[in-house]
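All chains are identified by letter, namely A, B, C and D, in their written order; residue positions are counted from 1 within each chain.
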Amino acid sequence: MIPLSWYLILTAALFCVGLFGVLSRRNAVAILMSIELMLNAVILNLIVFWRYGQPADISGQVFALIVFAVAASEAAVGLALILSIYRRRSTVAADDINMLKW
Amino acid sequence: MEFDFNNPFGSITRLLTDLLLGLGLDQPLVAFILAVVGAGILAGATLTTAGVFNIWLERKVGARFQDRLGPNRVGPFGLFQGIADAIKLVLKEDITPLGADKVVFNIAPLLAVMSVVGLWAVVPFAPQLIGADLNVGVLYVVAIGGVGTLSVIMAGWSSNNKYALLGALRTVAMLISFEIPMVLVLLVPTMLAGSMGMVAIVDGQDVWYLLMAPVAALVFFISSLAEVGRTPFDLIEAESEIVAGYNIEYSGMKFGMFMVAEFFHSFTIGALFTVLFLGGWRGPGSETFPLLGLVYFIAKTFFMYFVVMWVRYTFPRVRIDQVMALNWKFLTPLALVIVMTTAVVDKLALEQSLPRTPVHLALNVALVLLTILALQAYARALRRKVEGLPEPEAGEVAGAAIGPG
Amino acid sequence: MLDQWMFVAALLPIGLVMAASPILAGLLLAPRKPNAVKLSTYECGVETVGETWVQFKVQYYIYALIFVIFDIEAVFLFPWAVAYNQLQLYMVLEGVLFILILGGGLLYAWRKGALEWL
Amino acid sequence: MTAMQAIFLLLGLITFLSAVMVVVSPQLIHAGLWLVLTLAGVAGLFVLLEAPFLAVVQVVIYIGAIAILIIFAIMLTRRMLREDGRQYNNLWAGAVTVSLILFAVLTFLVLQEPSLAAGSEPLQAETSVLLQDLGRSMVDVDRFIIPFEVASILLLAALIGAIYVARPMMASEEGDREE
């Protein structure tokens, strides 16, 4: 069988790749994609612990479903904000968006 | 082991399993080999039917609708026309336009075909004859359909052509919009059968769900027509507006694959409708003779396919703003209402121990009447608004489709 | 459960291969004589002006947005529909409440004109 | 190595490599398509974990909806990206270090704990029974009814918020046409 640690290492790797993307990409849409990667790692982790921990208790899956809803809401609103900023400032580079600086 | 004629498909599987096990192979390996063989047969049979026979059938039926003869040169009744077309397409030069994103450009038609072939995995042909009895079958259908949407976007983007991209965006906007009422009404068979598995849904249909939920069936049919991009929703190929849609730069067999995917998809719609609303393989005597069930299934599927063609050759194309309005302002609210009322009424009927079918029929009749009343009121309001205002410009909507680009 | 999915895992690649094989056959059999005109972008014979990336309308995004929200709603309702036979009336009504709340969202989008194809 | 392990390694490799491609692709559309492949790989892992419902939900919501939304957004903001060659900000070296350190620490911790080397027990119930349980638990007053209804309010808020943000853009487009 597949050891639990394999899954955990994979999700850790996915999460770290996403983290790198969030910290280093300039494009706001790319940052959002990296956040989706991180969220996916989290969901995968939830399901892994559900399966290896307490497969009889369904709460792990409910939790994962709620995270799906959160991820989708975040993507919808986040992308709308990015589009709106793009229309105003003609840029999607996160480090150029500094209206809240002071 | 003797052959059980009451359960031929189960018996064949068992015979093959025993044969392979006898060769000294492991149990999982045997299961894998059988899965591959079954999948190969399924994909081969359905793709050949779609690519060769259905295209001929559709052209023939279309010709009759338009009082023509249709293909009649190659083979008896022109039956081999599809083969001739395939050979022609294979021999055509395959052009990849300059500036195209080659990898994405080549993957897109493959994904288009795959997304339709994948749908057949969960279609039950007869008792015991189903590729994979997934207990999430209904959602699986929706999920695989999403891959088709992706292939459209990939094709349109990678072609490096304004019209392709415009067509793709339009198509995708339409596909995803119509997915909503489709997914919502799929809740109705799920609710009535208490399962998302296709086999369970067929088993649950002692009374066809078409009779228990005719409005849901109609909504499903309309939205799946739009998913295929068939007339009256063929804005994908609206020649007069956007040249030929997202596959404009494709030629040769790659274009052929998009075409096969489209024809195959409309046939698949027939099969899905049969399974979800027409009782699948069920019919008199099909319980005892599974082969009869297969015949029923194929007959019903081809009947639904005929209805798809009938609609195609009867209705004119609808404008894109009308399509979107139909979806968001009519089908989606209607689907929401259907789901809510079906859930409540069915529960009430069960608690009062009323007969299920008449209650559902009454509910549907009431829904239809209310819908007609609502549409009347809407039309009146619209007319009042239009009469109060000056005439709208005729070119406004056609120009609006392209936008300020 | 997993042997059911094995069939899906077999069918999807086979679908890909079946689509790829005629295209590959075409590569072998079809003529290949590209020239600049053939490879240029097809726009009914009119010269291509500007880049492909014209600005698209926000309306496309808004449809996708509403689609995402309602897609999730439907997906949330599927387990509810599967368990339907075991539910009591008040549980069914909770599902209806869920739909009604999001129906309010559709109404908002309608009133704000977000559903119009401009 | 069993067949299951081989399948896991294959899926994991696909998922990981395409995730890396998401963050390194210079062209955003390619990043989006790689993201789709990553999500598909995760869906495959869900199947392997015997959570088929979540696998199809992953495909329906992530690939069918969120990825399409992201690709639309990329197309709508395309004009800037092509001229802009620089994809990374000045922090990228630090980001690499932080990510690698985090990964090393997590892996170290996971490998330290011997109980994590265990395999999974077989599921007690059929997945279809679990699915019914999932549906029941989401509308049961003693269990997850509050998260369920709150999720619908969250979605409603997201819908209203996003339309509120996006509407001025539509209005300005209408203005453009009249000019």
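Observations on the model:
The criterion applied here is as follows: a residue touches a chain if its C-beta (ideal position, glycine included) is under 8 Å from a C-beta of that chain, and two chains touch if they have at least 3 such contacts.
All of these numbers come straight from a predicted model, not from anything done at the bench.
In terms of C-beta pairs in contact, the better-connected of the chain pairs B-C and B-D is B-C. Of all chains, the one whose CA centroid is most distant from that of chain B is A. Distance between chain B and chain C, defined via averaged C-alpha coordinates, is recorded as 13 Å. Rounded to whole angstrom, the centroid-to-centroid distance between chain B and chain D, based on C-alpha atoms, equals 27 Å. Rounded to whole angstrom units, the spacing between the C-alpha centres of chain A and chain D is 6. Distance between chain centres (mean CA atoms), chain A to chain C: 21 Å.
For chain D, the set of residues touching two or more other chains reads 48, 50, 52-53, 57, 60-61, 64-66, 68-69, 72-73, 75-76, 79, 123, 126-128, 131-134, 138, 151, 155, 158-159, 162-163, 166, 169, 173.
Residue positions 1, 5, 55-61, 64-69, 71-72, 75-76, 78, 81-84, 87, 92, 95, 109, 118 of chain C are each in touch with at least two other chains.
Residue positions of chain A touching 2 or more other chains, listed in rising order: 65, 68-69, 72-73, 75-76, 79-80, 83.
Interface residues of chain D, counted against chain C in their complex, comprise 47-48, 50, 52-53, 57, 60-61, 64-66, 68-69, 72-73, 75-76, 78-79, 82, 123, 126-128, 131-136, 138-141, 145, 148-149, 151-153, 155-156, 158-160, 162-163, 166-167, 169-170, 173-174. Within the complex formed with chain B, the chain C residues making contact are 1, 3-12, 14-16, 18-20, 22-23, 25-27, 29-34, 36, 38-44, 48, 52, 54-57, 59-60, 63-64, 66-67, 70-71, 74-75, 77-78, 81-85, 87, 89, 92-93, 95-96, 99-100, 103, 106, 109-110, 115-118. Residues 3, 29-30, 33, 36, 52-53, 55-57, 59-60, 63-65, 67-68, 71-72, 75, 126-128, 131-132, 173, 176-177 of chain D touch chain B in their complex. Only residues 1-2, 5, 53, 55-62, 64-69, 71-73, 75-76, 78-84, 86-87, 90-92, 94-95, 97-98, 101-102, 104-105, 108-109, 112-114, 118 of chain C touch chain D when the two sit together in their complex. Per the touch definition, chain A reaches chain D in the complex via residues 1-10, 12-21, 23-27, 29-30, 32-34, 36-37, 40, 43-44, 47-48, 50-52, 55-56, 58-59, 61-62, 64-66, 68-77, 79-84, 86-87, 90-95.
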